[in-house]
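This structure is in structure tokens; I'll ask about it shortly.
First chain written, first letter: the chains are A, B, C, D, E and F, and each begins at residue 1.
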Amino acid sequence: MGKVEDFRAYRERMNARIHAEGTLLTKRFFNLDTNCYESGALDTKTKEMLGLVASLVLRCDDCVSYHVVRCVEEGIQRTEIMEVFDVGLVVGGSIVIPHLRRAHELLDELLPAADR
Amino acid sequence: MGKVEDFRAYRERMNARIHAEGTLLTKRFFNLDTNCYESGALDTKTKEMLGLVASLVLRCDDCVSYHVVRCVEEGIQRTEIMEVFDVGLVVGGSIVIPHLRRAHELLDELLPAADR
Amino acid sequence: MGKVEDFRAYRERMNARIHAEGTLLTKRFFNLDTNCYESGALDTKTKEMLGLVASLVLRCDDCVSYHVVRCVEEGIQRTEIMEVFDVGLVVGGSIVIPHLRRAHELLDELLPAADR
Amino acid sequence: MGKVEDFRAYRERMNARIHAEGTLLTKRFFNLDTNCYESGALDTKTKEMLGLVASLVLRCDDCVSYHVVRCVEEGIQRTEIMEVFDVGLVVGGSIVIPHLRRAHELLDELLPAADR
Amino acid sequence: MGKVEDFRAYRERMNARIHAEGTLLTKRFFNLDTNCYESGALDTKTKEMLGLVASLVLRCDDCVSYHVVRCVEEGIQRTEIMEVFDVGLVVGGSIVIPHLRRAHELLDELLPAADR
Amino acid sequence: MGKVEDFRAYRERMNARIHAEGTLLTKRFFNLDTNCYESGALDTKTKEMLGLVASLVLRCDDCVSYHVVRCVEEGIQRTEIMEVFDVGLVVGGSIVIPHLRRAHELLDELLPAADR
């Protein structure tokens, strides 16, 4: 299908390669990265929004894509995502805009017609 | 008093100077920066945590201090702040640790004895 | 046509989507971003060079492309752009070089044969 | 005297140590760094403003201080410096603000009373 | 052939353009960049690993690719490269992971079957 | 005593606070960070130099200080450290220079008179 599926497939294939070739420390880091977004004192929704804004201000398209997908899966509304984007834009500046363009393109693929 | 008051006083004094000398655009940016954390589709609590994690991964001590103070003012619990720190640490890496040290020091000034 | 046109079309299409879905704050940020390069105490030429060097050291290809196009539109000479690139290279280091390659490629599309 | 003199003295003392202990490559890099702001296709004024905005968006206080001092030495007006700050603020985002505070403080030391 | 060859060809073509159009300072910077990895107090192997980890934490794919190729040319083993990656991952955080995916993909092209 | 001891004391005190207040994930990240520099396919010397150059290009003074101290403890020579600095300087650009000044100051405290 679209970009979302391509990204997911590449991500899974290469993560498998990293697990196969990486060290024990590599694997432990990947575990931490997964655990980090699990519900605790903060729920997963909030943590995914934290992951999204962090990815935006650090300007990493793949990380932004990953967390946009996860936010949508967690049922976070488009209006809420727009305000996460705003925090990222104000904190990170206009240099964030190209990443917002690609994030909006992805969001249009994930939340088509009816939702708009 | 402590570091919190020094930081607040310096911040207010220099923000006044920026408003006095800056352009109209400078002032408009500062307004945007204030508006950005006001309650909307997301509440101020969530937005302050977004501001905190963004500041952490960008490794700006003053911004981290500002948002730690704001998070405590908004009644966000220490256990919740710890999980915001964790997202910042995992996303941003060990380079974030020196900023976490200073953020913990500030938190100990803001939430003393009884709270621990 | 070439990369310049593709980039411009994508940029305009997605900016329209951002304006359609974004908040009032999003729109106000975009206005600030436009106003920022208008002639004031400094002329637009100087401001576009400032935008270019900032984009280079922050290593954002889309932002570099945008400001290279704008610099050429403002009549800034290739020899002048080369010196903006030099400041970006010295301040930002060898990590800037891949972005310089793509900026030169774009410049060759914008200022072909006769100009060289 | 003030912060400007402290900064200048420390800078000169440690640059001398770097020249004494560094390699030939270190010395050559420092030469490049000096040459970079010399008048060429662009004049030194413009290049110092480029150095200033690059330092701002990369959020390096010492580099910002150095270029603010140099801009003032080159006769660049406060109103012009304000617009360099604006480009840095819009491109780099609110994370730049703490550095703007310190830059304004320095500017008040360099351009006192009469000038305001 | 594969991505490695495409990258090398583009890199050489555009470096030639940069040398043709750039200033004397540009050329001198490129010379420094080359000299920097030559054997001295540290051998080239160590320096290439330093270049690789610096590129990883600064999250520059082209620079990572360049140094991965160079590390393999210098006979650095996959298990050693894995540990350079680990330092980059721990220091730079999960934001480095997308770059690790592409670095592993490149490594699989450079060190196929037999080596695994 | 000097800056090294102050830094070490603060670091240990606040790391203890982080361990006391942080989550299980926080503690596991700190363990990873320690394990990362242990001898494996690469020896600790090489890994400490990797940590140093990564800290330099990310421009974190505390991290640079930590790894400079560790490099000296591991018996890495001043001439070798100078070349790690050079890679950091060329990759990261002149924005790294203020951090080099402070790193040299620390090195002068760690390796006094006789060694020079």
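Simple rule for what comes next: a contact is a pair of C-beta atoms (placed from the backbone, for glycine too) under 8 Å apart; a residue touches a chain by one contact, two chains touch by 3 or more.
Not measured: the values here are computed from a predicted model.
Asks: Identify which chain pair among A-D, A-B or C-E reproduces the interface of A-C, meaning that over half of its contact pairs, matched by residue number, are the same.
Replies: C-E
Asks: Suppose you list every residue number at the subunit C-subunit D interface; are over half of them used by both chains (same) or under half (different)?
Replies: Same-residue interface.
Asks: Hey, which chain ends up farthest from subunit A, C-alpha centres compared?
Replies: The most remote chain is D.
Asks: Taking each chain's centre as the mean of its CA atoms, how far is subunit B from subunit F in angstrom?
Replies: Using C-alpha averages as centres, the distance is 27 Å.
Asks: Using CA atom averages as chain centres, what separation in Å is found between subunit E and subunit F?
Replies: Chain centres of subunit E and subunit F, defined by C-alpha means, are spaced 23 Å apart.
Asks: Would you pick out the residues of subunit C that each touch at least 2 other chains?
Replies: 23, 25, 29, 32-33, 36, 40, 54-55, 57-58, 63, 82-83, 86, 89-92, 94-95
Asks: Which residues of subunit C touch subunit E once you look at their complex with the stated criterion?
Replies: Of all residues in subunit C, those touching subunit E are 59, 78, 82-83, 85-86, 89-90, 94-95, 97-98, 100-102, 104-105, 107-108, 116.
Asks: For a test of understanding, state which residues of subunit A touch subunit D in their complex under the given definition.
Replies: My answer: residues 57, 89-96.
Asks: Which part of subunit F faces subunit B closely enough to touch in the complex?
Replies: Touching subunit B: residues 10-11, 14-15, 17-18, 21-23, 25-26, 29, 33, 36, 54-55, 58, 60-63 of subunit F.
Asks: Mind listing the subunit B positions that touch subunit A in their complex?
Replies: 32-33, 36-37, 40-42, 46-47, 49-51, 53-58, 63, 77, 79-80, 82-84, 86-88, 90-92
Asks: If we count contacts the way the header does, which residues on subunit B are in touch with subunit C in the complex?
Replies: 23, 25, 28-29, 32, 35-36, 40
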